Amino acid sequence: MSEWTEIVDYFRGRSMWMLHYCTGCGAIELPPTMTSRWDMERFGITPMATPRQADILLITGYLAIKTLKRVVYTYEQMQAPKWVLGFGSCTINGGIYWDSYNVIERLDKYIPVDIYIAGCMPRPEAILDAFVKLKEMVQKGEAKGYEKYVKNYEWYKANQDKVLKRTSPVLKEIEKVTKIG
Amino acid sequence: MADILDEIKSMDLKASWLGDWEFEVFTPKDRLVSTLSYLKAKGFKAFMGLSCVDWIEEGNFELVYILQSYDLALETIVKTKIPRQRPVIESMGPLWKLCEVYEREMHEFFGIEFTGNPNLKPFFLENWLDIPPLRKDFDTLAFSEELFEFKEDETHGIESPKRIE
Amino acid sequence: MNSLLALLIVPVIGSAAAAILQRYRLVERLITFLTFSVTFLFLFGIKVGDLFTWHLDFLGKNLEMGLQITPLSIFMLYMTIAFGIVLTFYNISEKSKMKGFLLLLTLAASNWIFMSADLISFFFAWELMGWSSILMIFGGRREAESRQGALYYAMMSIGGSYSMLIGIFLLSNLTGTFSIQSNVSYLMSILSVHPWQVLGIVSLFFVAFMVKSGIFPFHTWVPYTYGEAPDGFVPYLSSVMSKYGVYGFLIFLPLTLGTHVPTVLGLAWPNYVLLWFGSITAVVGSVLAFMQDDVKKLFAYSSFSNLGFILAAIALFTPIGLTAGLFHAFNHLLFNGAIFITVIALISKVGTTRMSEMGGIWQKMPLTFLTFFVGIAAAAGIPPFAGFGSKWMIFQAMISHGLIFATVLLFFASIASFLYLMRAFHAVFLGQLSHRYDNVKEVSAIGKITEVFLLGALIFFGILPGFVLDPINSIVSAFGLKPLPTSGYEYINGFFSSINMVSIFIVVIVAFIFGFVLFAIVAKHKKVPQEDNYTAGQIPQDWNLTPEMYQFSYDFYEPMNKELAPFLKVKIDGFFKGFGESVEYIGGAVKEIFTGNVQIYTYLAVGGLVIFIIAGWVVW
Amino acid sequence: MVIVEFLIKLAQGFGIGALALATGLLFGGIGRKIMARIQRRYGPPFTQNYIDLFKLFSKGSVSHGWAFDLGLVAGFAPMLAALMFLPIGPFTLLPSDSSLIMIVYLMMMAYLGMAMGVLASGNPNSAIGMSRALMLMTGYEVPFAAVIFSVYLFSKTGYLTQIVAQQAGGFMNWNIVKMPLGFLAIEIALQGMLGEKPFDQAIAPAEIASGPMVELGGKYLGFGMIQHSVGLFLETGIVVDLFLGGAPNFWIFIAKQFVLYFIVILVDAILPRLRIHESTSFFWKLPLFLGILQAVIVIIQGGVLNV
């Protein structure tokens, strides 16, 4: 059975369809990656339109609280096996938005990220490098973020809920301004 | 052109040129409606935007209304100050319907009440329970550290994903 | 008892019983069903060549009237009564205001039409059929609209009857007899001498037939009337009653056989003209159908569009054309019946006829959904269901004459039928299920039996068309044409090729089995509710998404409207509106005189009929 | 004896299906490669479509109920069934039923099934895509039908096998020489049938999120891919049989098919997407005119059969 899994993994690594979630900056790096100059289709990677069809979720740039909600929903609509690529510094530690009140700091706390691409902005070479690394990981059976998500679902859900479903003010020591109506 | 500024000054308002095509008018809070109506009647029919500045040391919010006149080719910036402790002002909805949208935003980010605006629901922020975030006394770094829990060395008990070195 | 007479008397007796007991809906419906069944049993007692005549002395004239059986009448009788049984069986559980005694009167009239040997009885039967069906339409869901629909229908029917009456008088003046056979052979004999005279008389008859079948340009009443008729009656109206016109055409079509009228592409030119009427009807019906939002109206358009196919095929009057036309008449009866019965089952459950308000009902009514699916597959002419063979033969019949323009038009109508069928299918059954229909249940046991039966019939006659083609062949030879070769029940023999439907069926079944096996062995799937859908990342609850908002079915072919706008402008604005306005005007005028009580209309209708006929008699 | 015969036919049928699928996928792969080269890219390996199909069948998916499942299976099973009646080179599995219109209608059953499946998903994008696909169908099917009917009149038979047999004996006997206008019309119709640019409104990915396929993932998308690949084989195969004289063996057959597909790819590479009503009315103008003109020429040449 393990041979069969290896075969399946080999082909999965050769055919990865990508859904790019580009509400932050960095989307502009993808057209050159797709077209003549760098041509990611030679690795079997093509852009797809909906989460149902996609294997890779590529998240570029910062994620506001609002967009995080959509990312989680989109990620859960994708079907296993699925992988997440975090693109740019903002997905690693918030980047230049490190102290912003509405940009999350680290994507990995909310959904499992298989590979980060560091940089602000990462060049298309870096994206391709990530794709190749991901391919190797998939073929070796190492990219198991989606299983991690299932196993640690409560932990991820708690993190998501802490950000998305707040029921009390975050900063308690500062008194609320009196509203006059 | 210069007449307008003189007329405004004659109404006991502070006004000054900012450039060839732009002037600013300072108006007390209670004369805001009359000033804006006057300017609209004078040809500043286009409402360009509403903004707000938090003068925390003074204890005031400064509301900034930007109007333009296509006939006179002029822009005017009308500024008025309201106290931080009691940020209430009339809605300019009757003058410009568009203004209500900006007021909704100002309400959300500074907590200013616009009396007469029926639509002061949350706009951009979802599920916001803290003080309005663009006030100067809102500590955005503390908020970020508290909510997003960013620490360099966290492991959270599960294997951390591989990174590109 | 003479079986011929029994075919008339049994329904009349049943009708009387049903009229007396019409308070008790279930009893009335049961009587209707039983009468249809008993009438069907009497069919076994008749055979080709049966004759029954009587003499009538009227104003000093001795009129010979009679009933006779031709292969065509047997075919029509079997087809219509069998369908009536299915429908009345379904109607036992149906709750609309359909009057059983009127349906039985229609049955008597229908049998009489198919059996009458003389023009007088034909006309009487025609009128009886017309009036009983008009009265039936009064009981629709929406009172005012159904009254208008009935009046529109009545107006057109009266026009047609007038025209036919004049035709009958002119014709019998020439020949001195009312016998259909001798009149037709007389017309045949003078066709080459006085072609215009013959054509004039025949056109008078054809107007009546075209009205009844809804052939262009007399199709305008069809959507109004079908849309407003009581639910239980619509299938009969569209499946059976539109076939009277076909029967009528077939009485007079043999005229051009063997005579020397000028031909177009090897086709007598009157037939050529008729063929174009048929083709245009097919296209007009299809195109108008896919812009409808009312499900009953959509299938009303579809119904006369199919009648256009039938007319185009029988107008050829070649062996294959005639076979194709009659075969399509049968198939149309079957699939249209299946579609309309599922549609009325659906309407009774959801309580609306607007398609943009439905959607997703397959989750609630799976069997109805399957029956409808097979019905529209048959209507679209998809093998191996009934409906493929006849369409396939119609195209072959047309193209073998080199009628390229008409054939391409018909093919376009066939593709357009695909459009409106898919649109109805999607808007009604597929897509998002509204919460309004959370409590909708599948049809009752009786409805289920009917649906399974229709489902079976659609497949059975699809893969074994020989059971229909054999009687059709005997009709074709009765018309003096050489029937198509037969080679077993599973074969359809066309002009260019022949098809073994069973082998196609087996291939399709094997392919499906393979498909399901493949489906089962590859990676597993996860069942998700309809809310879990692609929304471009937006969370449905956040913007109060309702299933109705996420259902795209209104104005489904909007870009097409743009494309067809010039064509539609001429037709709809000029033609239909004028018709509609005149109907409204007359409706309004009549409404001012009468109170709207159905009984008064009944008296009016009966009285009018009597006056009408007596007046005609006196004039003559 | 009958059972043995049936089993032999069954095995042959599976063989044909597998062969057609393999060829269709290969064509798709080569098409992607050609497209890449036109755009000065390296392009995916030409085996990419096989890998994609394998991946899809190994991937999880979502189902919206049994109508969804049934529809998707009905979307490719009739396509495979239609294949059994197509003369592939010298070989036809069921030559006695190879009626052309029957094949066309069987293909329509596949489209009907696919439509049922994707519409049962309840996504408005798929409904828009399906509405566009159907509208486009009213466009390309009409010239296609005109050409089919001219071939009927010209060959005086409806069997594909006989149409192929009549073209035996060299290039000058091919219908493309005898009916060039018809070939032109059907080649344009083929562009619409295969849904390649400028007629790819139905699956416009960036516009309506890939239209009908919006909710398909995993094996369902795999079924869609099978339908497309077999449809590609079938549609080009019909044109080869109608106009390019069939073929003496399988390899020449697929070579001829590839020539047709190559033209389609080249057109696809250089044209942008039309709006839906523009493309529908386009089919009603030039291709329909060509098709009908061809039919009229055939009729004038004595194609009418007096019955």
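Order of writing sets the labels: A, B, C and D. Residues in every chain begin at 1.
By definition in this document, a residue touches a chain if its C-beta (ideal position, glycine included) is under 8 Å from a C-beta of that chain, and two chains touch if they have at least 3 such contacts.
It should be emphasised that the depicted structure is a prediction, and the values quoted were computed from it without experimental measurement.
Undergrad: If we look at chain B and chain D, which chains touch each of them?
TA: A
Undergrad: Please indicate the chain closest to the centre of the assembly, with centres calculated from CA atoms only.
TA: D
Undergrad: Return the chain whose centre of C-alpha atoms lies at maximal distance from the corresponding centre of chain C.
TA: The chain lying farthest from chain C is B.
Undergrad: Measure off the straight-line distance from the CA centroid of chain B to the CA centroid of chain C, and report it in whole Å.
TA: 70
Undergrad: Go ahead and note the Å separation of the Cα centroids belonging to chain C and chain D.
TA: 34
Undergrad: What is the distance, in whole Å, between the centres of chain A and chain D, each centre taken as the mean of its C-alpha atoms?
TA: Roughly 38 Å separates the two chain centres.
Undergrad: Among the residues of chain D, pick out those that touch two or more other chains and give their numbers.
TA: 58-62, 209, 214-215, 218
Undergrad: List, in ascending order, every residue of chain A touching at least 2 other chains.
TA: 50, 52, 69, 79
Undergrad: If a residue has to touch 2 or more other chains to count, which residues of chain B qualify?
TA: none
Undergrad: What is the complete set of touching chain pairs?
TA: All touching pairs, sorted by chain label, are A-B, A-C, A-D, C-D.
Undergrad: Per the contact definition, I'd like the list of chain D residues that touch chain C in the complex.
TA: Answer in residue numbers: 10, 13-14, 17, 57-67, 69, 72-74, 76-78, 80-81, 84-85, 94, 96-99, 101-102, 105-106, 108-109, 112, 115-116, 119-125, 127-128, 130-132, 134-135, 137-138, 141-142, 145-146, 149-150, 152-153, 156-159, 209, 214-215, 218-220, 222-223, 275-277, 280-281, 288, 291-292, 295-296, 299, 303-307.
Undergrad: In the complex of these two chains, what residues of chain D are touching chain A?
TA: Checking each residue of chain D against chain A gives 32, 36, 39-45, 48, 51-52, 54-55, 58-62, 205-206, 209-210, 213-218, 221.
Undergrad: Under the stated contact criterion, what part of chain C meets chain A in this complex?
TA: 526, 532, 534, 537-539
Undergrad: Which residues of chain A touch chain D in the complex?
TA: Of all residues in chain A, those touching chain D are 8, 11-12, 14-15, 35-36, 39, 41-44, 47-50, 52-53, 55, 79-81.
Undergrad: Please name which positions on chain A make contact with chain C in the complex.
TA: On the chain A side, the touching residues are 21, 50-52, 69-71, 73-74, 77, 79.
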